[in-house]
Amino acid sequence: MSEMWINMGPQHPMTHGLWNLRVKIDGEIVVDVDAEMGYLHRGIEKISEDRHYNEVITLMDRCCYVAGMAWEHLYILAAEEALHVTVPERALYIRVMSEEFQRVASHLMWYAAFVQDIGLLTPFLYGMRDRDLILDLFQSYTGGRMTYEYMRVGGVRNDMPPGFTDRARKLCTWLIDRFKEYDTLCLASTIFHKRCDNIGVLKAAACRKHGVTGPMLRSAGVKADIRKDRPYAAYDRVEFDVPVQQDADVTARYLIRMEEMRQSIRIIRQTLDWLDAHPGPVIAPQLPRWLGAPYAPIGNEGYLLKRNYPHGLGFSAIEEPHGEALAYLVNDGGEHPYRVKFKSPVFANISAVREYVVGYHVADIPPIMGSVDICVGEVDR
Amino acid sequence: MSTPVTGAAKVPSAEPAPTEGDLPMVDQPAVSFVEIETLRAREFIPAAKEALSSMALEKGQAEVIRPVFNWAGRNSLFPLHWGLACCAIEFAAAFGARWDAERFGVVPRSSPRQCDLMIVNGTVTWKVAHKLITLYEQMPDPKWVIAMGNCATGGGPFRTAYSVVPGVDKLVPVDVYIAGCPPRPEALLDGILRLEQLIRDRRE
Amino acid sequence: MLSLYSVAYDLISIPLTAIAAHLPAPLSAWLVNTTLLNVLGALVFCAILLGASMINTIMLIWFERKMLGRFMDRRGAMHVGFAGLLQNFADGLKLFRKNTRRPKDADFVGFYAAPTAYMVSSLVMFAILPVSTGWSAGALPLSLLLALVVFSFAPLFIFLSAWSSANKYSLLGGMRSAAQMIAYEVPILLAVVAVVVLSGSFDLTTIVYEQQNYWFWAPLFLALIVFVAGMLAEMERIPFDLPEAEAELVEGWNTEFGGMLFAFFMLADYVRALVGCFLIVLLFLGGWTMPGWVPASATSFPLAGIFWFMLKTYLVFGVFIWIRASLPRVRTDQLLRVGWMRMVPLSLLSIVLAVAVVLTKCLPVIGCVPGIGGG
Amino acid sequence: MVGEDIGERLAGHWGTDRLHIEPFPGTAGKVRFDPALVLDVLRVMRDELQFAHLAMVAGIDWEKHREVLYALWSDERKQYILLSADIPAEAAHIESASSIYPSANWHEREAWELVGITFDHHPDLRHLLTPDGYKFHPLLRSFKLHEPETLEVKRRDV
């Protein structure tokens, strides 16, 4: 058969979102690929320039819809730096706990989608089922399942409800048990190894060259994790390991994510113990009034105060479930951010798609792209 | 399915007064078979068509065929399997173990040719608009559209953005709107059940 | 002997004879005439067969949906009819009403002929396979061969449909499908040869008779594995559902088919699944016999034979569902490699084993293993 | 937290009038440099100062001028460093970094279409997020958002 281009997307079961992978195939072998993004470009960076600082949080939840907490955290860190706000310690721990729960939820979503890509039907349901339990927990203290609007400049919106830590501990135990079941369903299967070993290989040097981060980088043997290398929030006060694999293939990424979930549970348990022992405020006491009341009418005293607020630049980096996410925020003293720039890890991971898809079979594309864990919302923003 | 009534006086008064849309054609009786026999062959087909449409189609379709097919149609809605944005995750959750939309016969299909329901689960951008219309046109009739979430309904939090279609009803006709950002899976199931209600009351 | 055909024949002949008794001589002679009665009887027979097989097929889909739901920790269809029993009827009716659209570039003949031919060729199988002593069109001496020949028509129609629908995904799916089915025809045929060696006949009824005492799965375990794997590939079920691989080729070769054409494909797939299970039961699991309950020549109560046969069929299909719920999908090259390099040698080995069993006359010895047979 | 050796090394190459480093909290500093030096600075960063990972390229519109911001990460130093070059708004050109850091490719495509900064010698400067042929640069300050009016969308004929 001669070579031909096929469009995998924007409506295609492989994409898990709205993007288009143009694939040039020769028979069943992929010769060339070209990713076409932008089908979900919602202009979040532009809209943010039209919003108050706390209103941007709403957009961050929708920016990456499987890791809302992580993106809130990313934005909040940059905004606090730009606005020179300090945060009470309890809020830091709550943020760490929320982000880790979000990491587990995001990885469970990845698991559900990934196993469906290689044809395993049942674990999709298991992944979604256990993810729903985490969302229930989120719902109990933020009120939302996926879009929380929980973190605030200067802390978090509210404290945990009574009895929360016990429920969270119970869930942790349940999840640890379930991870064994997941491994049985996947790793114990010969076909799984046949499908996932030695495909989508992207070695460490190539990862760094093309800006690939996150589990893909760690699966190539680089022990890079911003939570360890450049600790933010309370990550320097909790113990955890950074899992590393050497094979740089799809199975290695699977193992990395599974181990990351276990490590997240470990972090969560430590933060829960800390939260039990240290009650206190969760939001900074002296916040500028305009931050507390984002919907105040124009002419309010808060806005007058705002004019005298110092300028600032904020730069933050977090280890999002998908990899390294950066934010750069310019505060020009106005009531809205002057410019917000977000760097999504998936953006860089997809941009290197030619490096890890070309040369494999068409049937390898779903597992490979599944192992990248694509969230189009944060790529297109 | 009684025989066609030929006079208004014969309608039993005990029956509730039919609404205008339901009114049987009492004043213009259908072409009777006696008349058909006297027609010439050339006139037979239009006359028979008329007779059929007035009697068999009107009555039979209304009381037998339409309910049966509407029953079938509303109980087996195959939505298009695609995810636009945040709502797609809740869409997936609705097919998960806890909500299990398959209970209602809702099974997502990947090919638009086999679908009869398009759930627009997320923000529609101008870049994807023409692909959405193409997909809608590829779906065979009869077909329905559910606008899931605020973005699909009216642009949601992104309505001011330069790249976002403020509401998918600008592109395709929408049958059911579901509010929420994103709507919970229960809300999606409720929307599907409301669509089933719409199909049950359909008169086409 | 009470058979389905005789029932159908009686259904026609008894009322016709009764009517003819009141008619004048030339008319009654015309009416009660062997040829006419045979033709009408055959038609009624076909109608009964079609109805029974379609209901079974639809029940099979329901069975799969419910069981898959249970594996997945959910319920499956449950709101249409009792426990969702009517769900598939609703699906079928809806698809019947849907428009069928032919893509602009699609080939007219191929696009409409392929699904129909696929459906018909699958349905013909029901006339060939004996479900019980009476339940078959006739005792063909080479019914096994005929069944396998009809069963192997499918790749042609799939490829025709794939090519005529002018879609790249369909074409890829069709090519995969053709390659896969042809690769797995060979081990299937070789595995069947082992059965033939053991039973000494190509007649399915005789094969079942031969299993009256000892079911063939024990001596021919290797052949059973090959046959089941081959059947999975022929039915295009996970782990061998590459032609319809959802993740990469949207819906595979039936991407462009909607409405009734899609319903044909869907139904025919399950008809083939049912037929595959029939074949496994007939060749390896003793057909309608149940040691101690139903002998092979169950002329006296064929309904009991049908019951056991269907029970076994559904159990075999249950195993297939179990496999579907727990295994990922393999890749084309891996599939073909397994087909040609593992299945073919294994099936050859199974023929050797079968010959050895026949020559050493050790079948009764194997048959003494508890639970295998001994009726 | 300013990396002292970085400042010295850079000053040794170009002096301090075309390039200077200022502290930036949480990073090794923010290097402001002449846009003509971009390739040389990035090469020094990658080859001599071990910043192997280009994490982000951002364009910022300051109305009078536009700023190109690079964020680099070094595994050895465990530090980010920000590089920033100001280019005039009327001639928003800068050399593409994708010959040194291939990961700059998509970031520069995005900055080109959203902020209107042209990257010279870019291998593949196409639209990434906006549709092909989109004429505006939405992240410019002059591009205003507005509430959508009632839109009339013309359907093409079926």
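To keep things simple, chains are lettered A, B, C and D as they appear, and every chain counts its residues starting from 1.
In this section, a contact is a pair of C-beta atoms (placed from the backbone, for glycine too) under 8 Å apart; a residue touches a chain by one contact, two chains touch by 3 or more.
Nothing here was measured: the structure is a model prediction, and the numbers come from that model.
Undergrad: When you check each chain against subunit A and subunit C, which touch both of them?
TA: Where subunit A and subunit C share a partner, that partner set is B.
Undergrad: When you average C-alpha coordinates per chain, which one falls nearest the overall C-alpha average? Tell me, please.
TA: So the chain nearest the centre of the shown protein is A.
Undergrad: Based on CA centres, what chain would you say lies at the far end from subunit D?
TA: C
Undergrad: Distance from the CA centroid of subunit A to that of subunit D, rounded to the nearest Å?
TA: Chain centres of subunit A and subunit D, defined by C-alpha means, are spaced 23 Å apart.
Undergrad: Between subunit C and subunit D, what's the gap in Å when you average each chain's C-alpha atoms?
TA: 64
Undergrad: Please work out the Cα centroid separation of subunit A and subunit B, and write it as a whole number of Å.
TA: About 39 Å, centre to centre.
Undergrad: Once you find the CA centre of subunit B and the CA centre of subunit D, what distance in Å lies between them?
TA: The computed centroid separation for subunit B versus subunit D comes out at 51 Å.
Undergrad: Pull out every residue in subunit D that's touching 2 or more other chains.
TA: 129-131, 138, 143, 145
Undergrad: Residue numbers in subunit A touching 2 or more other chains?
TA: Answer for subunit A, listing residues that touch two or more other chains: 12-13, 38, 41, 43, 46-47, 50, 124-126, 129.
Undergrad: Among the residues of subunit C, which ones contact at least 2 other chains?
TA: 72-74, 246, 250 - these are the residues of subunit C that touch more than one other chain.
Undergrad: Using the definition of touching given at the top, classify the network of chains in this structure as line, ring, star, complete or other.
TA: other
Undergrad: Per the touch rule above, enumerate the chain pairs that touch, sorted by label.
TA: Applying the touch rule to all chain pairs gives A-B, A-C, A-D, B-C, B-D.
Undergrad: Over in the complex, which subunit B residues touch subunit D? Could you list them?
TA: For subunit B paired with subunit D, touching residues are 126-127, 129, 133, 137, 155, 159-163, 165-166, 170-171.
Undergrad: Going by the contact rule set out above, which residues of subunit B touch subunit A in the complex?
TA: Residue positions touching the partner: 80-86, 88-90, 92-93, 95-98, 110, 112, 122-123, 125, 127-128, 131, 135, 157-158, 160-164, 181-182, 184.
Undergrad: Please name which positions on subunit C make contact with subunit B in the complex.
TA: The contact residues of subunit C facing subunit B are 65, 69, 72-80, 84, 86-87, 89-101, 246, 250-251, 254-259, 262.
Undergrad: Report the residues of subunit D in contact with subunit B in the complex, numbered from low to high.
TA: Against subunit B, the touching part of subunit D is residues 129-131, 136, 138, 143, 145-148, 151, 153, 155-156, 158.
Undergrad: Contact residues on subunit C for subunit A in the complex?
TA: 68, 71-74, 168-169, 172, 175, 238-239, 241-242, 245-250, 324-334
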